[in-house]
Every structure is written in C-alpha cells, then in structure tokens.
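To keep things simple, chains are lettered A, B, C and D as they appear, and every chain counts its residues starting from 1.
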Amino acid sequence: MADAGTVGAPTETVPGEDLSTADLTKMYRAMALARVMDERCLTLQRQGRIGFYVPLQGQEAAQVACAWALDTEDWIFPAYRELAIALVRGVPIKLLFDQFIGNSGDVLKGRQMPNHYGYREFRFVTASSPVGTQISHAVGAAMAARWKGEAIVTASFFGDGTTSSNDFHAGLNFAGVFKAPTIFFCQNNQWAISLPRERQTRSETLAAKAVAYGIAGVVVDGTDVHGVYRAVKDARARAIAGEGPTLIEAQVYRLGPHSTSDDPRRYRTDAELAAWKAKDPLARLKHELLASGAWAEEDDTALWDGLKKEVATALAAAEETSPVDPMTLFDDVLAERPPNLEEQRTEFAAMLKDGVLRP
Amino acid sequence: MTELTLVQAINRGLGEAMRADPDVLVLGEDVGINGGVFRATEGLFKEFGGDRVIDTPLSETGIVGAAIGMALYGLKPIAEIQFLDFIYPAFDQIVSELAKFRFRSGGQYPCHVVIRSPYGGGIKGGLYHSQSSEAYFAHTAGLKVVIPSTPADAKGLLTTAIHDPDPVLFLEPKRIYRAVTGEVPEGENRVPFGEARVARAGDDLTIFAYGAMMPPSLTAAETLAAEGKSVEVIDLRTLVPLDERAVVASVEKTGRAVIVHEAPRFCGFGAELAAILAEKAFFSLKSPVQRVTGYDTPFPYALENLYLPNAERIVHAARASLSAG
Amino acid sequence: MADAGTVGAPTETVPGEDLSTADLTKMYRAMALARVMDERCLTLQRQGRIGFYVPLQGQEAAQVACAWALDTEDWIFPAYRELAIALVRGVPIKLLFDQFIGNSGDVLKGRQMPNHYGYREFRFVTASSPVGTQISHAVGAAMAARWKGEAIVTASFFGDGTTSSNDFHAGLNFAGVFKAPTIFFCQNNQWAISLPRERQTRSETLAAKAVAYGIAGVVVDGTDVHGVYRAVKDARARAIAGEGPTLIEAQVYRLGPHSTSDDPRRYRTDAELAAWKAKDPLARLKHELLASGAWAEEDDTALWDGLKKEVATALAAAEETSPVDPMTLFDDVLAERPPNLEEQRTEFAAMLKDGVLRP
Amino acid sequence: MTELTLVQAINRGLGEAMRADPDVLVLGEDVGINGGVFRATEGLFKEFGGDRVIDTPLSETGIVGAAIGMALYGLKPIAEIQFLDFIYPAFDQIVSELAKFRFRSGGQYPCHVVIRSPYGGGIKGGLYHSQSSEAYFAHTAGLKVVIPSTPADAKGLLTTAIHDPDPVLFLEPKRIYRAVTGEVPEGENRVPFGEARVARAGDDLTIFAYGAMMPPSLTAAETLAAEGKSVEVIDLRTLVPLDERAVVASVEKTGRAVIVHEAPRFCGFGAELAAILAEKAFFSLKSPVQRVTGYDTPFPYALENLYLPNAERIVHAARASLSAG
C-alpha cells in the first residue's frame, strides 16, 4: 500500500524520555491532518456525499501521542473514533475516503458504515459498532503474541461509556489474571452520546476501575501530548517486561456531536463546550511549538493550506473511484461459499442481468 | 383519529400508557433528556421525570436485567434497546431469564417486560445498524414477538404489549418510522396479539410479510394485479403468537405462497412459515413455496439496496410461483 | 403454606446491636438443620433417590447470619447454594425435598434441577443456573421497591467466581449510579468449581471491586455469625437511608464438592481442606454457645437427633408424594398457550393415551 | 482402529491436534487441571501445560473474546463452553464478532475459532443443562455448525474443524458421550464438512436427524423395517454447510420426510429442512413433512423423557407420513 508519509514515523525514544521538537512538529502535523479531515467529512455528510460520520475533534492529542508511543509492530484494536491513530499508523487518506464512500477502493469492500475501517497491513484491526468487544480481542491477541514469543503489545481503544460494557469487565479481568501485555486506552470524552460521565458510573475516576482487576491504572490529561506519551511509553515498557497491563484514562472532551446523527444541544450546555474549547489540544500544541521557536505562524498557515490540498486531492481521487462490484456481496462470509449462498449468488446474478435488480 | 408517523404513534402509545398507569416506566440508553436516538421517547422525560424515564449506563445486560427485576417486583418496565443489533449483550438475560421465569418458577414469577427496539435495514446502517434477528427470539419459548407495519398497529400493539402478562419483544421497522403515516385512533385502542391482518385480499397467491416488507409487498401485489393476478397480502403482525390459522387458511384458498422477510433466509422466520405450509397446507399447495429474503450474508452497507427484498424481487418470485405446478 | 417454625424468626434487633443468646441458639439450630439436610441429600444422591445436589457445608454461618440481619419483607435473589437462607426464611423442609425430587408437591412443578428452587411466598426468587443473572434482577427490584415507596432492600447471593460475570459488572454499576437499596452478598468460598480464588481475578479482595462502582465494600469472616450479622445490618440500614448499596465479601470455604458431579480431589489438597475444616462454622458457634453457659452437650445431642428425625419425616412425606402430572409440561410458558403449543399439547395427550408415550 | 466412546474420541482428537501444531490451544472453565466437567480435556493439561490448556475465569464473554483475539493473531484456539446453555453471555462476541470478522474486514481478518460445547438433553439437567440452540447459530451467517453422532465422526469432524479457516460451533451430544462407542481410525483422519452420512439406506421414507437423535431414529427405522417399510436415515453431521443436495435427493427418491431434533419445533432447524423440501422437492413429496421435535417449552426436568423425541414418536410420525397422500 502507498506511502505513510503524510504523518511520518515517530522518532526513536526510550521509555520515559521526552519528545523532541522534531517529534512534536510531526505530531502537530498529524493532529492537524485529523482535524482537516474531520471538518471535511462533516461537510461531506451534510452535502450527502458520505452517509454518516463520527468526528474526533478534541481527542487528537490523546490519539496521536498514544500512537506515537506505540511501536509499529504493536496491534491496534480501535473503536470508531480513532482517525488520528489510523493516520499516525500511516493509513493513506485516499484509502480512508474510499471507506467512507464504500467504493471499490475500500479494503472493506463497501461493507461497513464510515469510520469502521481496519487495515491488516497497518496492524489496525477492523472495527465493529457494538461497544467494547475489541477489548477482549486485544487481550487474546496479546496472549497469543506472548505465546509466539513476539515482544509486542496490543492496545484497545474505547470511551468512557464503554467501561460499562461486558467486555470491559471480562477483558480487564482476563488481562489481570494472565498478565497480558496489553494497554487499555480509555478516552474519557465526558459523554456517551447524551449520558454524562458522572451518570455512567459512580467510580471516582475510570482509571480507578483498574483496582478491581489488580492492574495498573493512570489518569492523564488527554490534551497534553507529553503526559499521554509518557503514560503509554511506561505502560508499554511494563507490558513488555511481563509486569502486566495498564488502564489509561485520557481525559478529553468530544468537541463535536457524537456522530452526524446527533444534536448535542439537546443535552449539554454551551458553557461547558466553551470551557473545553479553550483547551483545544491543537491550540495547546501550536502554542507550545510557537513558544519553542521551532515553529512560526507562517509555518502554520502553510501547514494547514497544504493539508487541505492534500485532503482535497485524496477526496477527489476517492470520489472518482468506481462503485463496489455487486457480486462481492457474496464473498468473505466464509472462506468458501456454502451451497445456499452459491445458489443465492447465481440467482442474484441472473436478476441483475434481467434487470429485476438494478445497482 | 390523527395522522401520525409510525414513530409518533409509538411515542403517543408510550405517553398514554405512562399517564394511565404509574407502574409503567421506560429505561434505556439516551431515552431521557435526549428523547431516544430516533426520538421515540421525545417529551417523556420532561413530562414524567428521570425516575420514570431512566437514562441508563451503556449496558444492555444491565438494562434488561434491571427491567426483569422491576417486573418481578410488579412494575411494567419498557426497555429500549437502541438498535436490535445491540441486543446481544442482553441475550443471556432475555433467553435464560426473561423467557424462562414464569415456567421455571411454576408460574410464581411472571415477567412482563416489554423490550422495544428499532430493527431492519434501509437506513444505510451497515452490518450493525440494520439487522433483523427476529428468528432468534421467535425460536425462544416464553417470549412474544411483535412487529407493526402501520402507525395504528404500532400504537395498538404497543398498548397491548404493555398490558400483556408476558415478555414481549416489540420490534420497530425503523426504515418506515417516518416513511409511513396513517390514521391512529385516539385513546387506548388495543390491537390483539395472534391476529394477522389481511392487508389486501386476493385469490391467486398469498404474500406473507411483516414490518418494513409490507410496502414492497403491497406494491408487488399492485403490479401483479395489473397483470390480472389477484394477490392476497398478509401482515403477520405477531410472529409469536402466530396466527397459524390465517396462514394456513389463506394458502388453502390461493394454493400459492411467497414469504418475504429482510433477515437472511437460512433458518429465518420464513422457514417456519414454509414448514407450516408443508405440513398443514400440503394438499392445497399448487407450487413450491417461495422465499424472498435477505441473503445469507451479514448485512452490507454500500449494497444495501440490492440486499433488501424489493417489489421487483417479490413480483419475480410470485411469477415463478404462479407459473409452476 | 405450612409453618416456618423449624428455624424460628429472628429476635428484633437494632442496627449494629449484638445478637442475643436466644438469637444465637436459634441461628445454631438453623445452621444445624442445613447441615443435616445437606448430609442427607448427599446420601440421597448417592443412592439415586435424587438426581443431583449442591452442598453448602462450610457456608452455613454466613448464610444464616445474613438472613438473620434481613427483614422478612426483603427480597432474596439466590444462586443455587443458599439452602440455609431458605430455611431461615421459613421454607418448609418437605417443600424443599419436593423440589429435589421434582414431584407434584414441588411449587416449581418438577421443572428444575435440585437446588434451583424459589418461593414467592417467602420472597425468595426462583434461581436459575447461569451465574450472576440474579444480581441485576436484585438491583431492578430494589429500584422498583423504592419507586413504590416500600422501605425494603433486596439481596443477591453469588460466589467468588461469579464476580467475573457480566451481570456482576452491570448490576453493581447500575446500583452505584442509581443508589439502589440493595446488598451484594458474595460468598467467597475460595473455589469456582476447580478454579481457585486467586486465579479468578487479580483483585486483592473481592470487596475491593466496590471501588470500581463507587459503592461500599466490606470483607467479613464468613465463619463468624457476629461479623456477618453486623455487616449486613449496617448495609441494610445504609440502603434504607438512601446511602446506596454495599458489596459484602464473606470469606468462607466450600467444604464439600462443587456438586455431586464434582470430585475436588482432582484440584485441591487435603491439607487445605483440613485447615478449613478446623474452622467449621458449626463447631465455632457451638463452642461459643457452650462457653456462654446457655447450651450444653445434652442440648446439642437432642438438637441433632431431633433435626434428623424432622428431616427424615419430611423426606418420607416427599417421597410418598405423587409424581408431577405430565400435562403440566405445557403450562406457564406464557400466560396462555399459543396455537402451536396448544396443538402440541393435544398431540401429547393423544400419544399418552395411545401408549406412544409412557410416563 | 480403536474402540472409543464419543467423548474419548474428542479427547483423542484434541490431543493429536495439539501434538501436531503448537498453534492449537484449549481454553475454558475447568478445562485444565480438572480435565473438563465431562473429562473431554482429560490429560491435556498434564501434557501441554497451563499456557496451552488454559483455565479461564468464569466468563464466557472473556473466553470467546480472548479466543477471537488469539485467532486474529494467528493461533488456533479451541474454546470450551461448559454447557451450551451457558453460551449466551458470549452471544454478542459470537454473532457480532466471530461470525462477521471475515466479511466486515473485506476478507482481511479470517477468524478460525472452534467453540466446543456439550449440548442437548437426556442427563436430567433441567432447563439449563439440556438446551439445543443450534438454530440460533445456523441462522447466523458466517458460522459453521457441526454435530457428530459417532465417535469416528466426532474425531474426524473435530480435526476438520480445527484446521478449517472459518469459525466452527462444534456441538457435542452429551447424552451419548459415553453411551455410544465405535471404531475410530488412528491418526489424522478428517471427515469433510458439508457431506451428510446415509446411516441407513431406504426407499419409502427419509428420516433426517443429527446428534443424539440418531440412535432413536435408527431404532425407529428398525421397527418400521419389521413392518415392511424401507426407511432411509440421514445423519446431517454439518448443519452449516448443509448437504442440501443429499437432503433433496433422498426425498426425491423416497417422497416422504420425517425430521427429528431435540430443540423446540417453532423456528427450529427442522423448519429450514422442511422449507427446503417445500421449495426443492415439492413435486416429489407425497405427503406432508413431519417434524418430531422437542416441544415449544423450555426444557423440563422431571418430564425430560416425555419431552425428548424417542423411537416411538418417530415411528408414530413415520406411519402418519406413510399413510397420507
């Protein structure tokens, strides 16, 4: 698959070590790219050019710093909001747009709603919608990697609401018992659709739930790339050293709606939103870069302009890509089609030919 | 009579039942201040407060488990599962507990929970916002399974469900939540369980359908009428209890059957209908039973319109049935 | 239903207050009755007179003291090992034997395996086998009771293994969020069939899991009736006062096999068993009673002899009770039989009549 | 060849597969030091150690979820669910994840987990140690469903399952774990999926069965033979993929069908078989299809022997079929 160049690979660091300015610049670029894509997709949905979209604004720092601290060999088990992780992993923008559109370029063959992508090549496992299920997958994969003698970790991604799921409980408990080399990365964006964090659970913090499984738990400010990066680096080092899993709670805020189907004004106040907008992770990192002297306003303007062009080009290419072939509907259910499906496929082909069905 | 959409009719039904009986309450994800992701519970939180329109944590296990406990204690809880695709974390509670409480306790503990859930395709929801898994529940002894296709039935069947002594899976065809409107009687007006509705009478062939498959089935009947074929269309309305008499009687009259549903064909609800016909209308059947269904794949995204049965496919199957035998 | 007299109702106490000698004597009687029945049932199973049995030996003090601290209006949501609770509640012994046999006297109409009983009259909800499901029921019932303005609590019962279940997580979290007036009574008997407590979860104690739900958690010595009684009384008072639920971990030991199908010698040592046998809760309370002067060896002998006779009489009556009527198979699936079931019932009756089926 | 019971054959199959391939491992409740509650994994813990014969915490959600993760990573996990009745906490993982991973990822992530589970009645297990819920899984696109009825098939089908690229529900009829013995070939001997077994050839009527319903079906055929009727008995072996050709061909020959399973009738697997016959063997069928099944109730305890189909009921249905049409 094409180059991962739009973001750039992390500069090598050792656990606990601080991020270099070079890293921070690249991370800022990744965050900005995610923001540009996100805004573009919200518009596309309003224009009816894609059917649905789940924005990540407000969570870019947490995602980019986490992905930065992981190794490219590590496996990602995402939910549906992990665009910035995918970008750091190097998933080409065009490929993401192909998925949002569901065209013939989509690795998933147009089978899933936008945002539910996955790319084996980038060790980014294909997401599903039911919340939490990926958590126990990550635990099993971590146990498998250890069994195969591969020194990698797995990381699962999920929100505050998902701490109530069955798989959160099962996954963290298994990981604790088996000391699985895995990281549970919870982005507490304060809301699960319309349910605020404090109505989700009476636990003081979400990280405190680690106690129930005898594993490490940490809270970090998810708008601070440094804190997130260090927490993940440390967790990764412990996992690799056989010291078990870590639950990381990154405190962030979902600046946008839950999805394009959601209207957050029904359940939250403008004041709350404004308070968190003031902590926009992009503004924070930009400020830091400017202060460091390594970055200037002109650089910033050039960056955003360049990213917008890059995104526009990829989008145009995706929109020109042909639709998915209807006959693919019958593939990948099982490795080989069972008789009932083979027969249905034959009938389907005939109906397409006879015009009973029209793509 | 008022002209309402299907989802409005459900909203009215909920409101009226809550007004009439303080033991009726609603619980689920985003059902309160947000009014439900499809707005089925719009306005209820404001009217009845957070103790009766309960926004729960994100756990279907907890929603159904707690609803069962409430029902055991004598309340009439209505649990919303946001999409039928997300009911599986509650599957253990539904099949092991809800469906079996009355039987396993020797009749001591009836368990009258209503579980409402939007289901089916047609909204570009892909694998996880489109499923039709009614067959799982219909196969589970101890549950009733109800699927309206008109606003009047939606309100009338929901009202019956809320006052029914048994657990009811109330599946709402979300594709026609707003696409279908109709007159709905004011006030409490219960539509009985176990009575299929003859949506269109005919003599040459019977189409069996329910939920969002009703509109294309009726369109297909129109098309066939233009060809001089008289087609009966039956809306099953309640899969459990099934109006078996109506099913058999119709085919005794027409001799031909086309069964329509969105769910995958293999072991779908249509299989039971076909089996009943093969057992009880065998000597009346003039040609092989036809099933027009979703394919035996997970539900797709980009190709959803090719996956879902439409009027053309139904006509195609009906013609095959009419020309055979 | 017949008298509850074999155990006797608890003497009134106020929260935190100590148990009187009168209470202790009655509690000892209840524990001894459970022990006698338990041993009888193990024998019955070996003799093929009942099909299966789940013993409770080692857990009598925890159960009796817990039931003692609850009000008779409170609702019990048991697992399958709560015989002593049922006895304190006043369930007649004969009725329990009827259930073990599955005869026409069985309130459950012979539909469940032994130990899965329930009696609405005694607010003792009918158990199922899947572990943990009763936990969220108890939470919902507690919310319902509060909604109806009834000042009662619900109590769910489960083992150490069941803390891993989906419903443990969902139930405790709901109870925390909604401050449900309920008590989670976990009998940590150190084993979930062959899995030892420390392999079930890395949580330091099971009670520590309460932290994850922001609720109270306490550990008590489950062989000590005083400690258990106080913990439950306190939890009940807090629940009624609107201060929320409590998770109580009663540390006990399963002295017998998991069930009559189990052979614990496959997975645990004689030494471990011996160490816990030395802490037999019956011996402990007997010792205390003897020391108090209110109880003498002769009383003890008379008690055990009397209980054995009582149990033998009830058993004999149960064994003489007629078998369950085959036609009941078709009742209680739904309030009314749907057409398919009505037809099956008719066919079934005809097959019985024609001798195709023989009871 | 060695004479083994069905459960011994499974135990051998597991051991041989683990010996041959280090990526094969077993996980579940009590499968390790205890050797499984039915002793299916006896001896494996000792031979392969606790990292490959993994005693898990009490969570079916976790067992299947972790197994999926292992499979995604390239291992071949075999998960044991202690009783099929306890699979429902894992239902979400099975239908939402295991069954859909290959499809939803566009083929990138096959997910070859084998889930073994004892199922069915006959051991006085009551509601929760007796269920036969194969229809739920057969209706779920993306899963294979396999049910052996002989020791040789048990080992041969299990071996195929372990090396199959797809997720397999391997349901073991626990009632005949020890009641049935038979010759089992030594060494790896795979029985292919999708091929029904003609357990007894005949011309007048076909009995379709699987699992623990095979012995009574064969007894029924004997009884009918004594009455001069030649009955074919077909053991389906794999419900998915189904050997539809064999099903249809047999009824094209005999013209009459009796379908036998333990699960409740309504929407059970027998409905699909009857539907297939009503569609594809319609013109060969001489009399209505008969289903001999469990009743549409939860599974009982004291009355289990009256609930489970037996040879007498099968004979009764066969006579009805033979005398009609």
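One rule holds for everything that comes next: contacts are C-beta pairs under 8 Å (C-beta built on N, C-alpha and C of every residue); 3 or more make two chains touch, one makes a residue touch a chain.
All values derive from a computational prediction rather than experimental measurement.
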Chain at maximum distance from subunit C, centres defined as averaged CA atoms: A
Contact-richer chain pair (by C-beta pairs counted) among A-D and A-B: A-D
Centre distance in Å when subunit B and subunit C are each reduced to the mean of their C-alpha atoms: 39
Distance between chain centroids, defined by C-alpha means - subunit C, subunit D (Å): 35
Where subunit C touches two or more other chains at once, by residue number: 106, 111-112, 116, 128, 130, 164, 166, 169-170, 173, 177, 199-201, 333, 338, 340
Multi-chain contact sites of subunit D, meaning residues that touch two or more partners: 57, 59, 61-62, 85, 88-89, 92, 96, 100, 103-104, 127-128, 141-142, 240, 266, 296-298
For the subunit A and subunit C complex, residues of the former touching the latter: 164, 166, 168-170, 173, 176-177, 199-204, 208-209, 211-215, 244
Of all residues in subunit A, those that touch subunit B in their complex: 51-52, 102-103, 106, 110-113, 116, 128-131, 161-162, 164-166, 192-195, 199-201, 261-262, 266-267, 323-324, 326, 328-330, 333, 338, 340-341, 344, 348, 351, 356-357, 359
Touching residues on subunit D, where the partner in the complex is subunit C: 29-30, 32-35, 37, 55, 57-59, 61-62, 85-86, 88-89, 124-129, 265-266, 295-298, 300-303, 306-307, 310, 312-313, 316
Touching residues on subunit A, where the partner in the complex is subunit D: 75, 77, 106-109, 111-112, 116, 118-120, 125-126, 128, 130, 133, 135-145, 147-148, 154, 166-167, 169-171, 173-174, 177-178, 331-335, 338-340
Complex contacts: residues of subunit B adjacent to subunit D: 85, 88-89, 91-92, 95-96, 99-100, 103-104, 127-128, 133, 135-136, 138-139, 141-142, 240, 263-264, 266-272, 274-275, 277-280, 282-283, 285, 287-291, 296-298, 325
